[in-house]
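In order of appearance the chains are A, B and C, and numbering begins at 1 in each one.
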């Protein structure tokens, strides 16, 4: 073999080794710190749409009015993916410091969120400034994991014009199940339905909460099969299968199928969060009303859903992150957000800002619900519960399975 | 009918013309029949396109029509701007082209070794490669994801491209073709003092442009349409490929079916162009390899 | 177990690439005069591919087995739990449902797919104008992104979708195809067959194209009926192609994921939940990577078993000599 050939062969070998090396090199630049040197913090949150991005950016820009040096970058996947992606994001390179969470998901993100009690103490934060049910929702294992920015009780939106047209009196700040069902029946004719329903478990849970029942027991363990909760879910299924005042949702529907049914006038009522008020008001060409979630007694018992800012456990500078969070949840910031984006603020003193420009009945309903509110409490396995409810709920609404069977199946599948 | 002409050869001439005409009519009738079937078959695409042009509130209708009360081309521009669709298509092409290139390089080099070189355990090693042909990729996604995560490659182009460029299929396909080429050419070149790499490059590969293009097209399509892996390994919209982008779109715009169909149409168009341009390679690829379906 | 299938795989390798006339047994090398092997050169050529092969196929395959012995969250450290994931799996009713769904899907889908593909490819051999064009048409959905394809089907099959309004014009009240457990799996299968039988049309067309014209002509002269011609001449002659398409379609069928994910989310109940969808959800939605890996290994074993059975069965009906 000539020298030339040998050299070429060596060169080929070299190229091959180089290629293999390049791959490992690609892999090499992995480890990274948490906070950038210039004090820029990164926040990982759901960014489903431009509207979401605008919301997060306005939190930051409003906070900058108080702390001009504050710099926060925003990144994240859409809402549905966020709950799993956040875990991989934290275990990957260059993890973010600030996370957002719904109170409902705080349990699920327990392993990721730093307990804030020490920071709350050292920064002299008065927790009574915040909605108690929301703080309760953000508490996992006895420690607060996030500072809430909103506290939004699920409400019943209704089409006031449809009520009037059907000769009904629109509901006030009390609403019994009996009345609700009779109204819904009167509003149902042909393609028009009294109510629109989305798949998933949060709305059925709000329905149960209105009567004071929950699928999670006091210790925070999953308890979907307790008979009170099962009865509530069954009565919710019955709205479709027995009373036939709503269409059964399809498993693959997202919540905006039901939202569109409401705003287009195809369904006269919808259970949703008050954060949708602005969107609905704009989309609907009828007079929209807001009332409480119907309960057996007719009295309000709200289920608050809301979100807040937390700190990642592996954040290298929790103090800076906490200061940033405080800056984003001051009363002026929340008032501004309530006015511009329609969130119901987590600070009671900022709630009046939400009521501005909305009907007094809506404000009264929200006040009544907040006065007697429980947080939407969940378990670490809630993602699975939610998925299973989307799959199985369809059969419940269609009357093919009872709530008892479905809750039993879900409880067993989740296996707690 | 054919037997007529065979058994009575003398009368062929006189009977030929009506028979021919009859055959022609039959052929056209047959063609018309398959055209109808093909039309029904492609109907979902047609419906997709027409739905994309409708106003949102006319998507569901008890008496459906192709064209709504107005033709809304702006649905396409709306879909394009609501999510960064141009970005998705760029990502799709970027990942698919690099992925196809890497797959080809790997396949050609390995196939050369397996078909032209002698070394220990060659046949056993090749058998191992062949065995993995029937391995469902889904079995590997969990460990691959953990590896990518540990390497800090989650949410990078590298994670989309690299892990699936080493499947045994390319090596297998190229080796089959290497084996069909007689050794004489290369021996001549080697005796003339050309290196092995040079022989591979300028003697072997020019004879293999057809299988190479087949491999390229199929790797491209495989990457372009891949969904499960990007769903797992990509977190940010900026890196989403077309199917992932489309599914993000559905997550956010669940009811805006006309916009969603506009987005779906946009997602389908590059594939249609590929079919139009490369149908020969595609047909050949499927006929020879038949693997693209996986 | 994997090793026992090896002769079969090699047998199929000839079916895979009928163009390769040279059998894959002895491979002459150009440097035949040399006594020594080409170890070092081979190393150079193999290095990129082999490194990747080990790194991205062999290691993950073994890794999958290791991970399945852990409770492995997406964030945080894994805990070794022995075979607990497997124990849980065999006590998990959803696992059996999902396995059954996938097996039903795989068999029905493969059977319908092959029957249709065979029918259409036979049709394409009859006297037709533009037969190449039609073949491409049937192939279209197979190369367009499945997510897009599934979306349009979801629209057409939804409660007030096109299909039901068409049925409505004939006075028939359509079912909730995607929400009714009697129809949902059928809907998923229908969409999947539409999506991909075009592949097999092409593979089988190539097989049919390989049958010498004279043989068919001769059989026509004999006055053999069309059915007998199909049964005794055509099918045996394309049996390698049929076997190949059957095997690959079946393997592909076990990987079904996008269709239920987009069409039904696995619902109603678990009636369209499939193995890979369940695997994906356990790993990446429910945060149980260990459990997902246990599922992956079961999937691996099931697919290998079914493939091995197919190879074992092929001797009875596949005819390799032409």
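FYI, a residue touches a chain if its C-beta (ideal position, glycine included) is under 8 Å from a C-beta of that chain, and two chains touch if they have at least 3 such contacts.
Small disclaimer: the values here were computed from a predicted structure and weren't measured.
A.B. asks: Greatest Cα-centroid separation from chain C: which chain?
C.D. replies: A
A.B. asks: When contacts are scored as defined above, which chain pair ends up with more C-beta pairs, A-C or B-C?
C.D. replies: Result: the pair with more contacts is B-C.
A.B. asks: Express in whole angstrom the distance between the two chain centres, defined as the mean CA positions of chain A and chain C.
C.D. replies: Using C-alpha averages as centres, the distance is 39 Å.
A.B. asks: At what distance in angstrom does the C-alpha mean of chain C lie from that of chain B?
C.D. replies: The computed centroid separation for chain B versus chain C comes out at 15 Å.
A.B. asks: Which parts of chain B, given as residue numbers and ranges, touch two or more other chains?
C.D. replies: Within chain B, residues 109, 145, 162, 196, 250 contact more than one other chain.
A.B. asks: If I count partner chains per residue in chain A, which residues reach a count of at least 2?
C.D. replies: Touching at least two other chains: 9, 12, 16, 23, 88, 91.
A.B. asks: Send over the residues of chain C in touch with two or more other chains.
C.D. replies: 41, 43, 45, 48, 52, 55, 158, 262, 284
A.B. asks: Within their complex, state which residues of chain B touch chain C.
C.D. replies: Touching chain C: residues 2-3, 6, 23, 26-28, 30-31, 34-35, 38, 41-42, 44-45, 47-48, 51, 59-64, 105-107, 109-110, 112-120, 122, 125, 127, 129-147, 162-168, 171-173, 175-177, 179-180, 183, 186-187, 190, 196, 199, 221, 224-225, 227-228, 231-232, 242-243, 246-247, 250, 257, 260-261, 264-265, 267-268, 271-272, 274-275, 279, 282-283, 286-294 of chain B.
A.B. asks: State the interface residues of chain A toward chain B in the complex, per the touch definition above.
C.D. replies: 2, 4-5, 8-9, 12, 16, 23, 26-27, 29-32, 47-49, 75-81, 85, 88-89, 91-93, 253-257, 259-260, 264
A.B. asks: Looking at the complex, which residues from chain A come into contact with chain C?
C.D. replies: Against chain C, chain A makes touches at 9, 12-13, 15-17, 19-20, 23, 84, 87-88, 90-91, 111-112, 247-248, 250-252, 381, 383-384, 387, 390-392, 394-395, 398, 400-401, 409, 412-413, 415.
A.B. asks: Under the stated contact criterion, what part of chain B meets chain A in this complex?
C.D. replies: It is residues 57, 82, 109, 145, 149-155, 158, 162, 193, 195-198, 235-237, 248, 250-255 of chain B that touch chain A.
A.B. asks: Which bits of chain C are touching chain A when the two form their complex?
C.D. replies: Residue list for chain C touching chain A: 40-41, 43-45, 47-48, 51-52, 55, 73-76, 88, 92-94, 154, 158-159, 176, 178-181, 262-270, 273, 281, 284-287.
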